[in-house]
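Shared chain: subunit A. Partners: subunit B in the first complex, subunit C in the second.
Take a look at the complex of A and B:
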């Protein structure tokens, strides 16, 4: 990824914008251009910000760019409309299955010689 | 012209070959392929590599492999598809021979993973997954496997992660395999008490980075007969795919691409599942292996762990699986992994598996997949 692709994906990174099938209503995040279920055309769709943790894991095998969070929780979150997404948990030491969470904009990492900062969606416990 | 045959194979030991690069490993493997064979005309060279452009900054690898062995009359093709890179190469090499254009294709793969540290490796091997998720969600391949393991235990109401008997079996099989990366025997308790990489998975539940090269000589059958070489027949092959995003799938626990690819390969070969004498499957983790077994209908849903525990899939069991240790214990040098699987299946069918010989296997099934079953390949081999 370069700064150009980071810029191109900014809407989906910042705002939890996914897609919804115009034919069958199937929702996805990240957005798809064609529905995985029926092949129909999709439209952009603002996903709800709130949901609950379905499963989570404490990831210790950390990839480049993320390895300053040592370790971090990766979770399957079911949003209030039923869409399931994958994302990092933040502001939490002991998550639990079923925990209510909401999407929040956070720093993901910095990279490159000039330290570009990349922001994106993480999930935090509902306050 | 007809379905091609595997007329030769060669590979290096999988491990950390600090002092040798992509070309050194490839040369060792390729020289073994041609060992004891009179001059063979190679029409094409098909090379798979997942990350040669990442580890050694070498792209267009097939051109450089042709250069390495001075086969300048061969056409060259590159394949990049994670651990299925050389499966993809093999599939297309077979099509090349089936087309009648080629009589012999040198096909294989190579990877040099020890050139990088763990963090870039975790990133590198995750890049076959959706790049948006890998770059912007914190997701990695291992993290996905861990979440699948959680889903699996919860969906089937299982308390014990019996899928961890799979690496026990794989290390057992590798203990007698000279080319395996990890030849130590392990127990279920050792797997469970090892340090977690992403709970509930521990370091023994997942594959490690490894260096290795494996190549195969795929031939038109008549050409192989004219050379008088012993061979294994490729009887059928199949490929299929499914959405990369787990949540765009009907069920994240069903590997539909693997299932469909195997169905196609068996149908083409005219072979029933029950006739398969051994399976070389690709599983970068214990949980993914159990999901492959269950998706292929070789175990009930949620039930593969119990079968593993009682030795059903061991060398002396009903259906031997990953007979030289699979990706976990033989090793997982991504681009080369599928070529190792194909070579190992050929060794079994030719009766050259030594201490690991499975008796009476008439047909072998080889399975490969990209990431978590985004694309899958299957091959049925027979004598």
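Take a look at the complex of A and C:
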């Protein structure tokens, strides 16, 4: 990613906008042009903000731009409509399977001291 | 000041980061006895004014059920802008899914920038230029290690959706008043990391003079007295100042208590008085009158009078400020230093 290509994806990063298949209704995040199940055409789809942690892992070895944020938990979150997404957890000391979480906006990384700050969706425990 | 067409608060939301540091921990480190408050909030490593403003605004929209497409302005008051040049409001607007035809700018007036944003939106909504607008006060305030401000400079914010009264408001604006002067009690020069202040000078000639002048001016011009109000909220840089100014103006502890969150949360700067107003709206009943008086160094104060309507019951913020506070967990000085980027690896 560069500072420009990061910008092109901001819609999806900021707001959990995924895709839904026009044929079979399969949803995915990040969005896909073609359905992963039936190959049908897709449309943009606003995913729900709430879900629960299905699986998680602790990441310690990361690209340098994440240095300030390591280690962090990466989780598979099942959203309330059943869509499964992979996302970073925040404000969590020890996650658990089934933990109720909601999507929020947080800093993902920055391009150095004078570069852009990249924001995006992370999941935190429901307030 | 009274707008031509009546305006008020359609919805409100607040946010405080999850971490607090005990004042005792800071005092022990620097060998000091007395502390101004009990604890203060601090942002997580991935939070800043933009993410706090987003959280508060999202809660305002979700709790009130406001139609985002009707929002025509996003003004964020802050003295800890993530970018020196680049508006915070455009990130927040885009993340909230608002339209592209919005007015947006970052406001700076030390701790008064949040109410300054509200005054601007009152005018825009009243004039009919926009239907609804978001006024946000949010900060991740900076305190130099070892300085007095380190005990209180906290993180948090609140957001207010302003609309015309006819669109349905939870609190109607009755009147506002403002009082400013060139009083340099606290400042931060361009490119400097931490602000400076003139110690006790921040009291009488700054905080007390400006809040007293703005509240007394409001009372004289519109004929109010302290007994007209169920609640009052004053800017909260510490516990002593708002309780003393309340007493001087003739308010009781019962009137200011619901909005006095500084002892546990700290001074959230541009978010401070707005966070106090949110905590007060959490418990207010229809018909209650609320006085809000901000203070910003440099210096000035905005006073506003709101009357709560029947819509408060269905539009209260979920969860309330008390829940945001009760979920907070203590972090030690090392965590604080790391998250605040004082300590780097």
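Worth pointing out:
The criterion applied here is as follows: the second predicted complex is superposed on the first by the 125 of 127 C-alpha atoms of A that agree within 3 Å, B and C clash if a C-alpha of one lies under 4 Å from a C-alpha of the other, contacts with A are read in each partner's own complex, and residues count from 1 in each chain.
The rule we apply is simple: a contact is a pair of C-beta atoms (placed from the backbone, for glycine too) under 8 Å apart; a residue touches a chain by one contact, two chains touch by 3 or more.
These numbers come from a predicted model, not from an experiment.
In the model built by aligning both structures on subunit A, subunit B fits alongside subunit C without clashing. Of the two partner chains, subunit C is the only one touched by A:105; subunit B is not.
Legend: residue contacts after superposition of the two complexes on their common chain; A:9 is shown touching subunit B, with no touch to subunit C. By the touch criterion defined above, A:67 lies against subunit B and subunit C together after alignment on the C-alpha atoms of chain A. Applying the stated contact rule after C-alpha superposition, one finds that A:19 touches neither subunit B nor subunit C.
Set against each other, subunit B and subunit C touch different numbers of residues in subunit A, with B touching more. Touch criterion met: A:118 reaches subunit B, while subunit C stays clear of it. Between subunit B and subunit C, an angle of 150 degrees opens at the CA centre of subunit A in the superposed model, to the nearest 10.
Contacts of A:30 after superposition on the shared chain: subunit B is touched, whereas subunit C is not. With both structures placed on the common chain, the touch criterion links A:59 to subunit B but leaves subunit C unconnected.
Contacts of A:91 after superposition: subunit C is touched, whereas subunit B is not reached. Contacts of A:42 after superposition on the shared chain: neither subunit B nor subunit C is touched. Following the chain A superposition, subunit B and subunit C show a smallest Cα-Cα distance of 13 angstrom. Shared contact residues of subunit A with subunit B and subunit C: 67, 69, 108, 122. The touching residues of subunit B, when paired with subunit A in their complex, are 118-120, 122-123, 126, 130-140, 142-144, 146-147, 150-151, 154, 195-200, 206, 243, 245-250. Within the complex, the subunit C residues that touch subunit A are 18, 44-48, 50-51, 54-55, 58, 82-83, 91, 94-95, 97, 319, 323-324, 327, 341, 344-345.
Those residues of subunit A that touch subunit C in the shared complex are 10-11, 14-15, 67-69, 90-91, 104-108, 117, 119, 122, 127.
Against subunit B, the residues of subunit A that register as touching in their complex are 1, 9, 12-13, 26, 28-30, 32, 36-37, 55-67, 69, 72, 74-76, 83-88, 108, 118, 120-122.
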